[in-house]
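Next, two complexes with chain A in common: one pairs it with chain B, the other with chain C.
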Partner chain A sequence: MTDASISGAPKPPAAQVSLFQRSQQVQRRHQKGAALRYLGMAAITLVLVFLGVLLWSIFSRGLPALWQYQAEIEIYYDPAILNSDGGEVTAEEIEGVSLRSGFEQGIFAVSLERTLENAGIDIEGTVAGAWIGQATGILDSAGLENGSAIIQSADSPTDLAQEFGQAGNALRAANTALDGEDPAAAVEALTAASEALAAAGFEAAAAEVASIAATAEGEGLEAADTALSATGYQQGLFDAATALRQADGYEQGDLLAIIYAANRRDVRDRVVNNLDLVGDTSREGVPISIALTRYLSGELSGVGQAQMPPGFDIGQLALVDAMRDAGIIDRNFRWSFFTNTYSQNGAVAGIGPALMGSAYMMLVVLVFSLLFGVAASIYLEEFAPKNKLTDFIEINIANLAAVPSIVFGILGAAILFTLGGLGFGNSIRGTALLGGIVLSLMTLPTIVIATRAALKAVPPSIRDAALGVGASKVQTVFHHVLPLAAPGILTGTIIGIAQALGETAPLLLIGLSVSTGAGLLSSPFTGGLLEQAQSMPTVVFLLAQNEDATVREGLAQSAIIVMLLLLFALNFLAIMLRRRFERRW
Partner chain B sequence: MNDMQLDQRVVGSDDIKISARNCQVFYGDTHAIKDVTVDIEDKMVTAFIGPSGCGKSTFLRCLNRMNDTIESCRVEGDIRLDGEDIYDKRVDPVQLRAKVGMVFQKPNPFPKSIYDNVAYGPKIHGLARTKAELDEIVERSLRRAALWNEAKDRLQEPGTGLSGGQQQRLCIARAVATGPEVLLMDEPCSALDPIATAQVEELIDELRQSYSVVIVTHSMQQAARVSQKTAFFHLGNLVEFGVTSKIFTNPEDPRTESYITGRIG
Partner chain C sequence: MSHLKFSTAAIAVVAVCAATGAVAQTRTNVQVAGSSTVLPYATIVAEAFGAETDFATPVVEGGGSSTGRRLLCEGVGEGTIDVANSSSLMSDSEREACMAAGVTPVEIRFGYDGIVFASDINGPSFAFTPADWYYALAAEIPMDGAMVANPNSSWAEVNADLPDQPINAFIPGTNHGTREVFEENVILVGCEETGAMQSMMDMGMDEDAAEEACLTLRTDGASVDIEGDYTQTLANLDSTPTGVGVFGLSFYENNTDRLQVATMSGVTPSTETISTGEYPVSRPLQFYVKQEHLGVIPGLQEYVAFFVSDEMAGPGGPLSEYGLVPDPELAATQEMVSQMGM
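Up next is the complex of A and B:
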C-alpha cells in the first residue's frame, strides 16, 4: 500500500531497497557474525592467558634453579692417605681407602679448610667473630652496657660465658627469692646478684640491682620483683653465654655441611680414574647445600630464628659470607643438572639418565609404533577387504586410542610379572626397552588413526593415475600414496611421540621411577636399552614431591623446562618435515 | 544390416582389438551398464557419446579393469583383448593396464617433476635400460602429446605447476610413454582450450596409426572430427553403434537422433 503510494506503480520491492541501507536480515547476520567473532577472540585471549600463566610460572621458577651456588675447592689428593705404603699407587689401594674418614675427612674437609685458609679466611676467627658479635648484640639489647668492651678484654669467651652464667644464675636465685616471703633472703640474693654482675664487669647493671635490693627493703618484695623482671638482665646473660660458648666450638663438620658432603664418592672416582692426581691438586666446583640457596640469594637474611636456613647457625653463615666475599662461592650454570642422576638431595639431583632413558624410549616408540602403525594402516586402508572383521578391528583401534595410559602401564606390569615368573623379570624391570614397548602400545592407535587419515586424504585421482599407467597396487601405495601421506603420517607420529614423552603413569608402574644405582644411572651416556633407566616425566614427578621446597618449586620446573624444550624441538621437527614433504596438486 | 556386418567381422577377423559381449556392470544394486555388446577395432578411433550419467566412463573403465578398484562395482559378461578374456583369473590387471593406457577426465599428474611423470610408466615396466633411452622415451612421448616445446626447458619442475591444458597433455604423454596398444581417453579435452583441443585431436589422429583409441566426449563435433566409429549410450544401454558419419547423418534410433540434434541430454 505505502509502496504504491510512494512510487505510484507496483514495482518489485527489491528495487526500492538502497544498497547503502542494510536490510534487517543482513543486520541480524552481521550481529551474529560479530558475536561469533568476539566469542572467538575471547576464547583465544583466555587460552593465551592460561598459556602465559603456565609458562611464566614454570620459567620464573625453573630458570633460576638452573643456576647453582658452587664452591670452587682446590682438592689435594694427599699421598699420605691414598698411598700410605709409599709404593706404587694402584686403583685398588685407593678404592680401599674409607670414604668417610679417608675421603671426606682426610681429603675433602682438609682441602676445604686449606682452600679457605689460602683465600685468607681465618676459619675459627670468623666463626668466633660471628658468635661474639651475636653475644654483643644480645647484651646491648638486654641493657647490659659496654658488653663489647667486656668481651674484647676477656681472655677466653668460654670463661666469660661461665661468668655470665653465674651472674645469670644469681639473678635467677634473686628472682625466686622475690617470689618468696622472706625479705631478708631476697635482699641477700639481690646483693649477691649485684656482686656477680660487678664481677663480670657490668657496673651500671650491678648498681641497678643494688637499688632494686633497696626497693625490696623499702617498698616490698612485689615492687622489687616487677623492677627486676623489667631489666631482662637474666635472659640476656644466659643468651650471651650460650652464644659465647659456641665461639670457639668450630668443627670440621660445620664447614662440610655448607658443601654437599656426599661428593666423597666423586672425589674417589676421579682419583681412581686418574692415578696421576695422587700428590697433586685439582680445582673442583662443588655444589653448596641446597638449604643455603635461599640465604645466598638473599631471600633469607640470617638474622633471627625465622630467617635462618634450616640446619645452619650464624657461625656457618659467617663462613658462607666469608667464602662468598673471597670468591670461593659463586653462582654458576648448573651443567651437572644434565649429567647427574636423580637424587633426593637437590644440590646434586640431575636428569642425565632420565634424558637418556626418555631418548631411548622415544627411539623404541619410533621404531615400534611407526613400523607397526604404518604397516597396519596401509594394510587396513589399502589392502584389507571391507568386511565385518576389518570393521571390528577398526572400531577397536579407535577405542584403543581412548584407553587411559595407566591401563597400558598395568599391561606392562603384567608383562613384567609374567617374565618375572619365567625368571628374568628383574632384568627387564625399569629398562628403557620395556618402557618403550609400553609407550609404543599407547602411541600405536594415535599413529594408526593419523596415518589412515593421511592415506585417505590422498586424492583418488593419484591412485587412478598410477594404476592407469600400469603400476601395481603395492607400487601405487609405495611410490605415490605413501609419499603424499608422509607429512600427515609424520605429524601424527611426532604428536604421538610427544604424547609418549610426557606420559608418567605407565612408567611409574613398570619401575622407571626407582633409582637402583645400576645401568643408565651410573653411566647414562654409554648404557643401552636393557639397562635400568629413568625417564623425564617420572623424574619430574619425583622432584615435584621432594620435601624441600627449593627442589619442589625450582628443580622440578627446570626439568619441566627441559621437557618442554624437547617437545618444542619435536614440534619444530614435525613442521620442518611437513614443509619438506608437502606437495601441491 | 550394420549388425550383420559387425558379426561378420568378428569371425576370424584380426583387426578387432577389444570385443565386449553382453557386458553388465553393477554398482551395488545400481545396474549401470546393461547388456552392452561392442567391438573396438584396431587402428581406429572409437567415440563414446551419450548424456551425462549414461555409463560411458563406467564402460570405458571396464576395458582396462579400472573398475576393480571400486569396491561395490561388479562386472559381468565377456570382454576380450586380442581374443583373450581380460577378466580371466590368470590375468594380472597390471599387465593389462600397460597394454591399455588411460587418460582421465580430470588432469591428474603425479606431484612430481614433468620428467618423472612421463618416465614413471617406462621405469616400472622396465622399458628403458639406460638413462639415455629413458630420456628419449620422455622426449618422444612429450612430443606426441604436443607438450615438448612448452616443457623441454622445465622438465624438472613439478607437473602440477602446469596449466590445466598442459597437465592434460602431460597425462597423455604419460599414457603413451608405456607404449600401449589401446588408449582409453575419458573426455580428455574437457579442460582444454580450442588450440590445445586441436592439438590433442591431431595427436589422436596420429595415434590411430599405431593404436586403437577409445574416446569419451561430450562434443558431437569432436566425435565427428576424430572418430571413425561412434557408440551412443543412453541410460546404460548401447543404443546405437556404427560408422561415425552414418550415426551423425543418418541415425537409426530416434533416441540417437534426438541426442545429436540436442533434444535430450
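Up next is the complex of A and C:
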C-alpha cells in the first residue's frame, strides 16, 4: 500500500491466484494426466477384448466338440457273412473275413438296418417320403399347381419322373424353337409341350403354355419366349424329376454312411474269441459320422446346399431324423478323445499318444535342463572367476534365450544326422527322447537365467555366516544357498517347461509330426522314450488342417483347450510355489 | 530338498541310459513321408492297414513331395524311410541322385486328384475356360502386336458371360505340386487356345520365351499365391467372398456347405468326369517305394499291395470316398506290385 502511495500510480492488479481455481497450466497438466489414464484404461480394455475373443473362439468351438453323437445299434453276427460255406464255424474262417467288406459293409450295415426296423422305422418309406416332399416343394415353387395330388396318385415315382422329364424336354424343345425363326414350328412345339404337361396332370400349366402358343401366333416369338421363360416350368420339372428318381434309389450304403464303424476290429476279435456269438446279437455304441455333427446340433438346417452336411442328401437326413426320434442317437461325452490316437476320421480322432508324448518330452526336459541348467548356474555364480571369459559366456547364454525355436529344430536334425553316422540309425528319430533333448536345449537358457537370479538374490550374509562357522564353499552352496534359492529355480523351470510344451517348429523337423504310427507309449523305464511319439502342438496342427470343418473348427480347439489347461496348471503351480516358499530379506 | 532332487535326477539319468541301450532294434513298422496333399489319404490307408492286418501301423509324416523324395534317396538301411508320397513326378536328376545313393525308387501310381475352381456358395456361379484364366491372371498379354500389362480387373472384362466381380484368385503357391498342373493344364492351354502364344511367337519370341511369358502371372494383387494348404485357401475365401480359389476335388467335396464349384470348358468336375478324362485339370498321385527295402522291412510289401488293392483304391473304396479319383489302370499297377515281391 505504501509503495502505491509513494509512486502514486495504481498497482496493476495481482494475478488472482485461488487455491480453488486452477490456472490454465495446471488444467493442461491435469488434462494430460487424465488422457494418459484413459489411454491406459483403453489399452487394457483392448487387450481384454482380444483375450476374450480368443478364449471365446476357442471355448465356444472346442467345448461342444467334446460331446459326440453316437448310435446304439444291435450288432447281429450274421451267419450268412461269417460262415458263408455253411459248415462248422472256425476262428480262422472269421479272421479271414475282411474288416471293410465283411464287417463294415456287411455286419454293421445289416445290423444298422435291423436296428432301425426293430425301432419301427420304415427305411425306404422315410427316404422316399423325404424326396417326394422335396419334389412337391419344387413343383409348388415353380408354379406347377396340383403337384402333390399328382405325386400322391402316381404308382411309382420313377415312372412319374420319366413323365416329368418328357414334359421338361418338350418345354426345352419349345424354348429352342422360340429362339429360332419359324413361327409354325414354335407353335407346334408349344402345343406339344402343352399336351405333355396335360398328360402329366398339370392342367393349369398346360393352359398357360397353350396361351403362350397363342401369343407366339399373335404377338410374335420374342414375347412368347419371354412369357415361357418367366414360368420356370422347365427347370421345375427337371428338378422334380431328379428328386423323384432318388425316391426309389435307397441303397444300404446310404444308411451305412451315417455311422462310422470304428469298432469293427473289436467286434471281429470278440466273435473270434467267442464263436457262440455267430447268429446272436450284442449291443454296441458306434459314433455317428462327424460330418453330421453340425446337422444334429442344429448348426446346419439341412435345407438348401449351403445348409446340407457335405456328402449327405435329404434322404439320409430323413433317416437321421427318424433315428433321433426313435432314440437310437444320443449325445455322450467324448472320453475316447483323451485315449484314442489321431485319425483322419474325426469321429474317432483323439490325442492320447500326443498327450503322452508331450508328457514324456517334458520329463526329459525337466531332467536334462534342470540338471545341466542348475549345475551351470551354480558354477557360474558361485565358483567361476569373474573374467572376460565368463562375461562372454554370460552374454551368450542371454543370446541363446532369444534364438528362434526353429533353429533348435535344425540343430536337432543335425544331432540326428551325426547319430546316424555313428551307427545309431534313425531309430531315435521321432522319439520323445530326441524331442525332449531338443526342447531342453531351448529351455536351458531360461533356466540358467532364472537360477542365477535366484542364487544372486540369496543375501551374502547367509554365505558369510556359513563360511564363518567353518563350512566349506561346497557345503555353503549346497546346504544353505541352494535350498534358499530353490523356489526361484523351480518357478523358472516351470515357466521354461510351459514354454517348451507349446513349441511346434523344432518338432516338425525331427519326426514328431507324424499322423499315424504312434500309439500309447509304454513306461519311460521300459523303452517308452524310444518309441515313435506324437506331440500336442503337432496334433493340433494336423487337426486344424483336416478337410472336415467339424474337426478343423471343433476338435482342434478341444485339443487347444487341453493344452491351455495344462499350461494354466503349470503356471498356477509356479505361482503357488513362489507364494509358499519365497523368502524376503 | 536337494536329496530328493538328486535322487530323482539320478533315477532319470539311469532310465535314459537304459533306454539308449535299447537302440539298434530292428524296425518293425513301415515309414512313410512326403506330399501334404497325399498325407490325409495315406493316413487313412495306414490306419486301415494297421486295423486290417497284424502288422504295426505305418508311420506317416508330411513334409512335402520333394522333401519326401529327398529323404527316400538318402540311402538304404533301417534309418531311412521306405515310401515317399508324391503329388509330382520324380525328375531325372533326382532319380540319378537316388541311384547314386544305391536306392532304386519304384513309382506306383494309385489315383488322380482333380483340381477344381470354387467360390463362395452365396456368390454367383462361374463357368470357366482355360482362356478366361489366362486372360485373368497373365502378367502381360499380347495386344496389337505388343505386350501390354494385363488390363483386366474384373471377370466380366475377361469374358462377358462371367459375373462382374473383381478378379481375386487364390492359387496354389510355387511350393505345391498343384501349381504345376494349374500352369500346364489351365494357363498354358488357355494361352495356346486364345492364340496369344502364337502372336507372341509372331512378335519374335522363341517357343521357350513365349511359354515363359504365358506362365508369368500378374503380381498386382489380383492373384494371390497360397503357400499353405486348402484350409488356408478357404480361410481367404471367407474373408474375400468375391474370390475364386483353387482346391482339390476331395477338399471341395468335404466342404460343399461353403463352396460352389465352377465348370471348366462346360464340364463339372466329379470323380466320373475326371476318370473319363472329360474334365481337363487333374494330376496323378503316386508314391515311390524303395526296392531295396522290399522283403527286408516287415509289412512293406503288404502295405504297398494294400495301398493299391481294389478294396482301398478301387471304385467305391476309401479312395473315392475321400474324393480322389481311382486309376482306370489300377489292375496293371496291382500286377506290377505283385511281380515286385518276387
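FYI, the second predicted complex is superposed on the first by the 399 of 585 C-alpha atoms of A that agree within 3 Å, B and C clash if a C-alpha of one lies under 4 Å from a C-alpha of the other, contacts with A are read in each partner's own complex, and residues count from 1 in each chain.
Keep in mind that, in the parts below, contacts are C-beta pairs under 8 Å (C-beta built on N, C-alpha and C of every residue); 3 or more make two chains touch, one makes a residue touch a chain.
Please read these numbers as outputs of a predicted model, since none were measured by experiment.
Asker: Mind working out whether A:Lys386 is in touch with chain B, chain C, both or neither, as first, second, both or neither?
Answerer: first
Asker: After the superposition on A, what does A:Ser535 contact: first (chain B), second (chain C), both or neither?
Answerer: A:Ser535 contacts neither chain B nor chain C.
Asker: For A:Leu370, decide between first (touching chain B), second (touching chain C), both and neither.
Answerer: After superposing on A, A:Leu370 lies in contact with chain C but is clear of chain B.
Asker: Would you sort A:His480 into first (chain B), second (chain C), both or neither based on which partner it touches?
Answerer: In the superposed model, A:His480 contacts chain B only, not chain C.
Asker: With both complexes superposed on chain A, which partner does A:Arg100 reach: first (chain B), second (chain C), both or neither?
Answerer: second
Asker: Once the structures are superposed on A, label A:Ala465 by its partner contacts, choosing first (chain B), second (chain C), both or neither.
Answerer: first
Asker: Between chain B (first) and chain C (second), which, if any, makes contact with A:Thr504: first, second, both or neither?
Answerer: In the superposition, A:Thr504 contacts neither chain B nor chain C.
Asker: Hey, is it chain B or chain C that touches more of chain A?
Answerer: C
Asker: In the superposed arrangement, which partner chain does A:Gln316 touch: chain B (first), chain C (second), both, or neither?
Answerer: Neither partner.
Asker: Residues on chain A in contact with chain B in one complex and with chain C in the other?
Answerer: Comparing the two interfaces on chain A, one with chain B and one with chain C, no residues are shared.
Asker: Could you pull out which chain B residues touch chain A in their complex?
Answerer: 64, 66, 69, 71, 93-95, 97-98, 101-104, 106, 108-111, 120-121, 124-125, 158, 160, 171, 174-175, 177-178
Asker: For chain A, which residues count as touching chain B in their complex?
Answerer: 386, 459, 461-472, 475, 479-480, 484, 583-585
Asker: Hey, which residues of chain C end up touching chain A in the complex?
Answerer: Residues in contact with chain A: 1-2, 5, 8-9, 12-13, 15-16, 18-20, 22-25, 27, 29, 31, 39-41, 43-44, 46-48, 50-52, 56-63, 77-80, 121-122, 229-231, 250-251, 253-258, 260, 311, 317-318.
Asker: Which of the residues in chain A come into contact with chain C in the complex?
Answerer: 98-101, 264-265, 291, 300, 305-311, 343-345, 363-364, 366-367, 370-371, 420, 423-430, 433, 478, 482-483, 486, 508, 511, 513-519, 524-525, 527-530, 532, 544-549, 552
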